[in-house]
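To keep things clear, I will list the structure first and then write my remarks on it.
When the chains are written out, they are named A, B, C and D in that same order, and each has its own residue count from 1.
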């Protein structure tokens, strides 16, 4: 398995994912030889993250209380090719929950049970007016940690 | 300046970029409040990288000799918001040239001379049949190192 | 029902569709109030068309015999809003099969059995060298007409 | 010149365009042989339309007064191939201004002065609550007709 700097113990890291959505890889997301292009995973990460937060019932869109979510960074490691017409399971977890930010981790698994993608990225919540970080509410932190 | 783990000395890192292309931020690449979405930088990175390699006259598309380029990883740090209608300068450099791969670094600068994005990602060249890495030709390595 | 100039009798037109694929509407394909954006249908049309042709076993990728498929025109009518997280049935049929081109028609239906989108577009097959239209093989025409 | 059903007299139609923006065709918008894909024109149409309306100073975003703009239909005819790295001039005009809707027409011209794309599409303005069409203000109609 390729070394990925944000994963210490692959088995442990993998076992901590509980939430996933199926993602179908479209023709428009592949090149002429049918390989998934390298931009698509970031679209899939976003989709999984939003459905995950919806499933927890947090971030109800009250930007005045909760702040505006802003992506601080994103990264992706491409471990195996995926192809047009495949459906992958896109996993997401809150790997670390800070005072004003959440570090989400991502993992895609194909139908042979192979990990095709890993990723991570930090989401910060900021006040719409001042642009300053907004502390996460205790209830949100608790739900994310228990997810 | 935000700490970015792949940049040791920001001044030195910035000064080593020589090649850039202008990138206009489209309406379709922003959300309803006009912020650039978080997937777009990876499209801009790709565009800059391809134009950069074209400008050097390397990777002429001879995949039998040069191997098929495969993205191994990608990352982006979002330092400043960009907005619909802005044009940014998208810089790219070969930060490290290995035996079979190149580590490209990216930097976007807005018209106030602010760095809005930084990024990096490794490109590997593999044999189309075997999928094994193909060593970079000396001429290509030399051109990239002198760029 | 809105008047659409490429549909004479809506009931008849609708009844002639036999092939469809499910299409899930992603967050990245909607605006901030959750409406599907107006570019996405053309991605869905393409996806349905390619899966449809695959299902018939025609256009096996032999561009020397079959010509290169080129889109001559495309159009879409937006009848009902669709939203983030919805899955629609994307129908496609070969409405007319000519000597060198096919007129595909498209229809999207939501889970309330409402038609949300209609569309059409002509695909021409051209010789890779000369750019001239290539006549469709009889077998392909027959399969498309019986589909 | 290919026959396009929404254009009666090509010379006259072409001469009525006054507003255009340059559009650079990205690598991500082309296929492996460098042809622009068939979804991209609709992104370019949108970009040109928004910049055009901005240039006229209409539709200032006051959705309570002006209604929410909704795309009713869109179509595109592909007359000539465009390639990766090209810049085309994307023209737009208000071909017809109705009581509650505008019929925009589009034309792309390459650097050989060839028309590569033509298109059109109707934009309707609806009340955010009721979904009913909102009449266009006289000032907006006047500016569009004089553009």
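What we mean here is this: a contact is a pair of C-beta atoms (placed from the backbone, for glycine too) under 8 Å apart; a residue touches a chain by one contact, two chains touch by 3 or more.
As the structure is a computational prediction, the values presented were derived from the model and not from experiment.
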Taking each chain's C-alpha mean as its centre, the one farthest from chain A: D
Which of A-B and B-D has more C-beta pairs touching across its chains: A-B
Between chain C and chain B, distance of the C-alpha-averaged centres to the nearest whole Å: 36
For chain A paired with chain B, centre-to-centre distance based on mean C-alpha positions, whole Å: 22
Cα-centroid distance, chain B relative to chain D, in whole angstrom: 32
Junction residues of chain B, two or more chains touched: 28, 39, 43, 46
Topology of the chain contact graph, where touching chains are joined (line, ring, star, complete, other): complete
Complex contacts: residues of chain D adjacent to chain C: 2, 4, 38-39, 42-43, 46, 70-78
Interfacial residue positions of chain C with respect to chain A in the complex: 24, 26-28, 43, 46-47, 50-51, 85
Chain A residues touching chain D - in the complex, by the definition given at the top: 28, 31-33, 37, 39
